[in-house]
């Protein structure tokens, strides 16, 4: 069965085809690049629907021989065999669908990118392969491999197509995540070395009732496992990011081109959440308990810190960036709760924030494209100039602040619910964040849509976009093009999804239940 | 046997002493006998009549060094040849072949120097 | 008689004894030098249709050289102020001492010999090499252009000819299977190596002449171009010691040639009743005579001819000689 | 002496090939009129190296054996590392074929066969079972390398490089030899096996330790590991690019071969001062660990501020030597395997990078990293290849560099107590190295170009680049290829004589 | 006890050589110091071969090879020095700094 390989590597087709397209043929490239993201989407949705119909995802597992590091006589035959293994369960499936959807939308949104589209799409597709692979991998080595593919792809996407400070942003991203990856690599190395395998399922076995893979391999001690988990969590905390390791996130959000930020905020940050759930809770349930409290605390810190700083920003991108920090805090809170609700909440929140941030950054991209600035001070009264756009923006804001009936609400609600059951005090503290969230999102968005630009001159100077020949606000409101169809379509899809998840959480809960169930059993209660 | 060994080197040592003593003795003897009336002209460097001009520690032609290098190489290679020659009888044919290879390599080295015009003096 | 002395346990008395003998031998050598110089002048005189020294000490000028030596002894000794004084003083000694040291290993007859070491030949070559240092030091120390040039030439020439010398001697070692000079002589009981190793002999002899800085290879002290080469600045006894060194080497080299190629003290086939010492003396004198003869007859070679001859003719030939000898020995012995 | 005749000379086939090729080329070079191009000679040399490689590969199944009174061993270890050495040598010779310094390349002939002689030395190091042959072959390698470094006679940088190399190398040799003399004194043997056996009942712990340290210092001079690394950057920068590539790859490999042959064989079982651990090698483990850590840190940190590509790669090679040394310091059962794997990968990616740098230097005459700026614009494939090699050097997954590094990591932590500190240092220095590798990538892909577009890649270089790129990718995505070869060697069970 | 005497001598020679090689500015002196170290090694070998725990001829052989190799190194070193002198007109090591450190 090669379904998953197909799913993961189908963008390669697009890459190969793109190679043969002329650099200059922007239309063709845009079209082809977008088309290339469709196959994985179809396959993902197919799998999603099938699993909804009770199809057992285990049947999709794949395994091929890849490498056997050593066949020393004193080792068992299975020791140090690393295979090419893909396999998904409900948890991965959810994220895969999210990735596929956002990738397609990002590809559509790439029309905002004007320069060197060919290279851009090549890397975008590479990034998609990486992201899909990360979620589809059933083996640590391949997980890491795909993870690093995303790292390199992001480095190029940010560094080449980003804003003014793109290279700085790219380096920040590279170094922070590089450190995270390096730490992860050490952990992986220890796991492989001591258990002789990299496969998740096998590892699960080995860690709980270790079988010696042969002499001269020291089995892991209790303490050793705790250290491993610590390293794992730290590695993912960098990628999440958890305060105080979040600086790079801000810069990337500000500098990277809109489609990239959509994917970054939408998917890449979630890899950390995925990793924490899958490896943290999945592989080290007992040890995880020891860390749960700390995680919850960090979560609350993230929420409050992000929210507070978001309040003070006068630059839309910064607001959203800090709101990302804040929302990822919610994920941590869910994990920290360490009960069914909590974990489910964490996943919900990840997906929800993925969709919401994608939507908001799409809109910000459009805004920046139209106005040449996203400085709240310089913008105002867009409601008249761009009614449709403003409408979407408001929707995004409402989703952001977690309005009931929207995805955000489900995620935050369940997470906090989980935490209230275990650590009410913390939960209460964290809940403040939600109020802040309401304030900053509404404040920012309303300023832009209905508020008045603080001073006209600035505003006038602010419009960088050559398409806008406006010299004054008045003219501008007539002159600015509102959201066009090709931009509205992805926005609409996102809104639809947000609402769908919001009103019918079961959509996500169904595939998750089984996974969370097993994890709860692993946690013993 | 070891006596012969020791004595032989003793003799060599004696010869060394003699070889040093003779000049020293002779020169000291000379000091008593010979006259000693130094003056400027005597102490100047001899340059066939004309006054010595600038320092005579002239920089040698590089070829001197080249020959010195060649000498070092070829002279040291004999380090292998002599022991071989002494015990040649016991070694037999293999040693012959080995040493012929060795000498051929030496010859190649010589030819190399020749071709590269190292052996050209002027 | 030397054997039992050699075999007796080393002691102070031995040292004293050897010292006495050494001194005696030194006297012999000095006398040889004295008369070798005279002989050289006489022979060259005859060859050039002159009479040569005939005033001091009878009509054969027998005391001529003695007188010269005395003159040198009484001559004022000057040291140029530009010179590097300590080195300048040391150089003649460095040049002379090895020349006498090499004599220690030469066996003149089976009875009359001094040290008996396994690596006699190697010892000779190694020690004689030291003289070069003295020569160069002298040339450098006297801080005179001619002297320096002479010194450098001497060095270049000596090192260049040392290689053919060594390589050709290798043929002899191959045949004798030993580097001990006594054994080498013993190995020539039946056939002298000059017949077994004609090529080696030629090379060796030429190289030897060059090592001795004698015509036609006397560039280092070429009067006509370098005034007097490395010892321009030397006078009196210091100069004398350079000269002395050269003639002692002449003595040593002649003896060595005799030992290596002319069968040492072995008699010519049926004339066994003549003592070995006489035979040795005869061969020795013959070699010395030939050396003098060369000086009288050959013109001086050019510097480039000198060097290139060593490297391009003698060295390849000696390599060929080694291979030939080895092969021949492998097949026929 | 009969056994000498009967001994199986075919075992030395690779050596014979290389030696014969070198001599023949030398003679041809002398015979050839001076106006004729020497390029074919370099090609011939490369071909010879490749041929020797095939010969070695053909011998892999053969049983371990030794000839010439066990001075020449042909065990799995020798075969395995000879393969790497020959691969590196052949590729470096391809660079020689396209070596075009601005003053012209009159000495390409020498370059070719000198490199072959050096290669021969390295091979002999790999398969020598005797202190004497080890030393002589090492010197053959070193002395030829000195000459290689100084081959640009008219370029003062090259002369300086040669001079520094000779001086440092000479000191290293002397120190190592001094250590060897003590080892000989303790055992009276020069055969590594005998030494190992006799060292076990030696009762001179201090002299033994002294000998070990002297040898270690000597070896680390050759390896250019901290604190004996100062010569490497200068030599690498001054030497002609192909020579630099050769030093960075073949000499380094030979250095590690030496490390294993010398220290492991002799001291693995030697008693140590004090009670535990009983083996001198193990008791010296902390020293080696510290050396490794320092080497990694200094190598990668100093590389940050380099402008010259050669110099940068020099420091990066120091850092890599640190990684390798870490793999050695772990002294796990994966030691030799992981070192082999890493050296193989290291050879491929380094020669690839050097090939492209050689092209840039040939064209622009400088090796400043501005020369890379905007290479992507007019030579996208070239830029892509260089990018690949850089990623591999940085150890990014999907390239061979990652696989090798992962194995080293595993080796570091597989034992208990694991070398977690060393692993952490290695991880961090790897991230530091990202900075300068990706800085080059930024130059390649992001920056606008200032220089005139480069010409096409000449045949030799493109061959080298393609081979290296294929290897890097193949091992990166299908490491099984390399590990199956490695499995052939049975984990060097016959390493200890 | 003769052995230890030789060893001490060798050690002293070696240290002198090392010191000189690491501190002296004049390249010729440095090369000579290296030769000094190598000769110390030879003394060691020969001493061990004659008075060592396991006397034998191997030490002499090793010494011979050491001598030969030392000569080769010296030759190459001098050649490098000459080339360097030609291009830089100095023999001082510390003036060999065109390659930045």
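In order of appearance the chains are A, B, C, D and E, and numbering begins at 1 in each one.
To be clear about the criterion, a residue touches a chain if its C-beta (ideal position, glycine included) is under 8 Å from a C-beta of that chain, and two chains touch if they have at least 3 such contacts.
Chain-to-protein mapping (UniProt): A = NADH-quinone oxidoreductase subunit M; B = NADH-quinone oxidoreductase subunit A; C = NADH-quinone oxidoreductase subunit H; D = NADH-quinone oxidoreductase subunit N; E = NADH-quinone oxidoreductase subunit K.
Since this is a predicted model, take the numbers as computed values, not measurements.
Counting only chains that touch, the fewest steps needed to get from chain A to chain D is 1. Comparing the centres of all chains, each the average of its CA atoms, the largest separation from chain D belongs to C. A comparison of C-alpha centroids places D closest to the centre of the full protein.
A centroid comparison over C-alpha atoms places A as the chain most distant from chain E. The interface holding more C-beta pairs in contact, when B-C is weighed against B-D, is B-C.
Separation between the centroids of chain C and chain E, computed from CA atoms only, is 33 Å. Annotation: 13 Å between the Cα-based centres of chain B and chain C. Mean C-alpha positions place chain B and chain D at a centre distance of 41 Å. Here the CA centre of chain B is 20 Å from the CA centre of chain E. Multi-chain contact residues, meaning those touching two or more other chains, occur in chain E at positions 72, 79, 86.
By the definition of touch given earlier, these chain pairs are in contact: A-D, B-C, B-D, B-E, D-E.
The touching residues of chain B, when paired with chain E in their complex, are 62, 65, 68-69, 72-73, 76-77, 79-80, 83. On chain E, the positions that touch chain D within their shared complex are 7, 10, 14, 17-18, 21-22, 27, 30-31, 34, 37-38, 40-41, 44-45, 47-48, 52-56, 58-59, 61-62, 65-66, 69, 72-73, 76-77, 79-81, 83-84, 86-88, 93, 96, 98-99, 101.
Residue ranges of chain D in contact with chain A, taken from their complex: 333-334, 337, 391, 396-398, 402-403, 406-407, 409-416, 418, 420, 423-424, 427-428, 430-431, 434-435, 438, 442, 445-446, 478-480, 483, 487, 491. Residue ranges on chain E touching chain B, taken from their complex, read 64, 67-68, 71-72, 74-75, 78-79, 82, 86.
On chain D, the positions that touch chain B within their shared complex are 1, 4-5, 23, 26-27, 30.
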